[in-house]
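Look at the two complexes coming up: chain A is in both, with chain B in one and chain C in the other.
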Partner chain A sequence: MTLHIDSVSKRFGQYQALDSVSINIPKGELVALLGPSGSGKTTLLRIIAGLETPDQGRVLFDGEDATDVAPRYRQIGFVFQHYALFPHLSVFENVAFGLRVMAREARPSEEQIRERVSEILKLVRLTNLGERFPAQLSGGQRQRVALARALVIRPRVLLLDEPFGALDVTVRTELRRWLRELQQELGLTTIFVTHDQEEASAICDRIAILNEGKLLQTGSPVDLFTMPATSFVAGFLGSANILARESLGAGAPVGISGAKVAFRPADGKLSTSAAAPAPGGHLRLSGTIQHREFLGSIVRYAIARTGGEVQIDAPFKAGEAFIAPGTEVAVDIPHDALISLNS
Partner chain B sequence: MPQRRILPGLPLSLGVTLVYVTLIIALPVAAVLLKAMSLSLGEFWNIVTSPRALSTYRITILCALAATLFNAIFGFAFAWVLVRYDFPGKRLLDTLVDVPFALPTAVAGVTLTALFAKNGWFGAPLASIGIEVAYTPLGIIIAMIFTSLPFIVRTVQPVLEELDPEFEDAASCLGAGDLDTMRRVILPLLMPALLAGISFAFVRCLGEFGAIIFIAGNQPLSTEITSLLAFIRVEEFDYPGAAAIATVMLLASLTILILTSLAQSWYGRHLTRS
Partner chain C sequence: MSLAMPERRLEKLSPSAARHRPWSPERGHALLLLPPLLLLVAFFVIPLADVVLQSFAGPGHPLTQYERIFTQSSTLQVLLYTFQTAATVTLCTLVLSYPVAFVVSRAKGNLLHLSLALILIPFWTSTVIRTYAWIVILQRRGVLNEMMLDWGWIERPLKLMSNGVGMQIAMIHIMLPFMVIPLLNTMRGIDGNLLRAAAVLGANPLRQFLSVYLPLSLPGVSAGSILVFISSLGFYITPALLGGQKTMVAVLIEQQASRLLDWPMASALATVLLVVTCLLFLLYERAMRFAGGGKTVGEVS
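Up next is the complex of A and B:
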């Protein structure tokens, strides 16, 4: 199902949770709503599910206005952040819930329910845990039960609120990969909310970045990483050095147009021989090493300079000495690694 | 590794608890049972199955059932309103729930009688449509409702506060209507608390005395409650007779409390959160 969100706004008292947000989500895409906490991403998800009503704007499912449709008639799969599994029902009955509450004409027979629940439990690899109760499961298992429960009603869209937030790092990376494969196998339009840019970049077709209720930019993870429009996006998706364009002085290359300029810490090349001229097609910044962090495969240097500190990631090679704090250095950045930012 | 606890050691705290329970609860109960045992089995049986006694059981149990049923529904709604909605005067309403706890039950009885007497504020209009409350079983039910309401509200309220509204959101996303959500999600999750509240309220109704005797009329065989019969026997210096009736009440209440506790642990067996 394709999903259109058409200039949706929502206010809670004095707090503007969403400010005229519009997104189109084509059928079968996995889209992440990415933003810091309080950016409105969960509110947007709840509006899509019908759990909140927008003050303004519309939500369209396959071109049909669904803004005023009650959640129970939307046929949407929702996986809650803390899963909201019914603690008094077994795994089997949790998953069967969506079938048992169907209108009598549409409700499958007991035998069909059994079949469909077993099928879904197999899909989420929980075949033997049907008799267990939520309190007896691990976090990852609960997450998969929540997913099974959402999938059993054959949802038109799957919505996930911080689906991996409550899990250990190892379980998280494994589950997100599995979720991506499952989502592609089912061809299910899926939206998930996260504040973790790595998670979003790793599995999504597209990312929508929200901050303070506004949609800042949407695009593929690669596009957002290489062509962020604003300093917020540049800083949120991976780390970035952001400089005011004036601070570059005469060294600013001609192609740069925006108010600010960004580059990734890995794109700058450090050299201690500040006397040698900058290679052609490079922007040179000079400063003093302030601080050094060893991060395994890279060494991150903070370089103090007039016009703002910059961070440079240098690849770590065993046996090579670190550059000592206080050393005067030059940073050379190729012109094509510089990103113009509007704000 | 030894665990540090706030209260001093098990022997001391358990000892204090046991002494307290013995002096305040077990000893009076034992006295009642001992007194009743001074009767022969035949005498005991005759007292507790006399027509007058049987009639008091019937009236007490039926009125208590009616009052508890009313309070189960109304008390649940009351707790729901207090937990789920915000409105001016909510704190005041919340405090008012405890009035029946705080008010001497005799005062409540006198007040209710004045209100529901044929010339009272509520009694007069009710009498004009042919409903008599004071000095009828209906009066007993109203007195019981008044004194037992807080038990339901105060047991359900904290559990409802802990009940995450996300369960309801999840149910509605899965296609459940309000009725299904109530029946399949909310009620089962509240059931242990609701059961406890219902049984406390019911047991309280069975034992209520002060609020009822003013409004009941106390006619033997029609509006006389069991606790009043026990009191009458005491007034007649028939202590064994009073003890025999008290024993019946005691056993009834204990049985209900034990059954409730069993039902609660059965319901709650999967609800433990990790």
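Up next is the complex of A and C:
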């Protein structure tokens, strides 16, 4: 099902939680909603699910206005930020809940319920845990129960609110791959909330970046990484050095238009022989090494210069000496690695 | 681990540091329990034991008093009436408190403080005063009857004082906070997202309540009910002032002890009340452990 969110705004008292947010999500797409804490991600999901009414704007399912439809008629799969499993019901009954509460005409028979729940439990690989209670499960297992419970009603849209938030890194990476495969297999239109940019880039078709209730930019992970529009997006997706354009002085290349300029730490090339001229097509910044962090495959140098500190990642080669703090260095950045930013 | 390290080093440095341990009931600090313990033993346990012993002391064989209680229809009726009253009061209190607790559990800010104050202020007012207030309202020529006569709802004043109805009304009023507070405690702990999850899964409001909210609020329901039921069983002031011809067991005990001077009988009645209360409490404990146990069995295995 396609999902249209049409200039949705929501205010809590004085606080503008969402400010005219619009996104179109085609059928079967997995969109990551990425943003810092308090940026309105959960609020947007709740509006889509009908748990919150927008002050302005509309939510359309397959082109049909659903803004005033009660949550229970929307047929949406929602995985809550902290799972919200029913603590008094077994895993089986948690998953069966959505089937048992159906209107009598639509409700499957007891036998069909058993069948569908077992099928879904198999899909999320929890076949033997049906009798357990949520308190007896690990975080990853609870996560999968929450997903099973959302999937059993055959939702038209799947909304996942930081589904892997509370899990450790290995479980997260495993689950996110599995989730992606499942989502593609079922062809489910999905919104995946996270504040982990790596997670968003890893599995999603598109990323939408939300900050302070505003949708800043949407695009494929590669587009957002290579062409961020603002310094917030540049800094949020991977690390970036952001410089005011005037601070570049005479070396500023033509073709850079915005108020600010960004480049990725890996794109700068460090050299200690500051005397040699900059190679053609490169922007040269000079400064002194301030600080050094060894991060395994790379070494991250912080370089102090007039006009702002920059960070440069140099690949680490075994046997090579680190550049000592205090050394004067030159940083050469190819012109095509410079990104102009509007703000 | 890393947090514990500096502490251990400290112990090595100064010998006195090794003796200075954080508070714990096992390490001698249990001595702090001694004063209240002495007080309780001297003024509660010993007199109580005395009461129990006295109940076996009267003329005839030791169980004479108990035989009287359970064979005389007058005492049996009092016991039965006491249980009936306690049950009615508990049920009515529950029905009245549940919606109140629900609303207050959702309240925020000033509304929350105001409603808590409205619940707690009567709770801090003396039971005697509140009972007298009810007498003023409910008596034959009281506020309620006068009002209903004026409005023409009734032709003759209703009897509310002599038949136990007034007593039950006053008891329900007095018991409300004892029900609201445990309910409130439980309800505030219920994650609002559970109801939202139920709604998204297709449950209508009634289903959300019956399948999710009600079961999760049951610990509060049972804690409040047992509190109100047990308190009502032994309630004295209100039944004494408002009971009319109907007698609750606490009133009967008082009559036996101070008017008829039948101490063994009074003691035996008190013992029966005590035993019933303890049994109910044990039953409640067992029920709670059983309810909680269902969720923890798997953790052990």
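A few notes on this one:
Convention: the second predicted complex is superposed on the first by the 343 of 343 C-alpha atoms of A that agree within 3 Å, B and C clash if a C-alpha of one lies under 4 Å from a C-alpha of the other, contacts with A are read in each partner's own complex, and residues count from 1 in each chain.
The rule we apply is simple: contacts are C-beta pairs under 8 Å (C-beta built on N, C-alpha and C of every residue); 3 or more make two chains touch, one makes a residue touch a chain.
Small disclaimer: the values here were computed from a predicted structure and weren't measured.
The superposed arrangement places chain B and chain C in clashing positions on chain A.
Judged by the touch definition given at the top, the superposed model places A:F192 against neither chain B nor chain C. When both complexes are overlaid on chain A, the residue A:F61 reaches neither chain B nor chain C. By the touch criterion defined above, A:F92 lies against neither chain B nor chain C after alignment on the C-alpha atoms of chain A.
Contacts of A:F225 after superposition: neither chain B nor chain C is touched.
By the touch criterion defined above, A:F236 lies against neither chain B nor chain C after alignment on the C-alpha atoms of chain A.
In the superposition on chain A, the residues of chain A contacting both chain B and chain C are 46, 49, 51, 70-78, 80, 82, 84, 86-88, 97-98, 100-102, 133, 135, 149, 153.
Those residues of chain A that touch chain C in the shared complex are 46, 49-51, 70-78, 80-82, 84, 86-88, 97-98, 100-102, 132-133, 135-136, 149, 153.
Put simply, chain C touches chain A in their complex at residues 191, 193-194, 196-204, 207, 211-212, 215-216, 294-296, 298-299.
Those residues of chain B that touch chain A in the shared complex are 164, 166-167, 169-177, 180, 184-185, 188-189, 267, 270-274.
Residue ranges of chain A in contact with chain B, taken from their complex: 46, 49, 51, 70-78, 80, 82, 84, 86-88, 90, 97-98, 100-102, 133-135, 149-150, 153.
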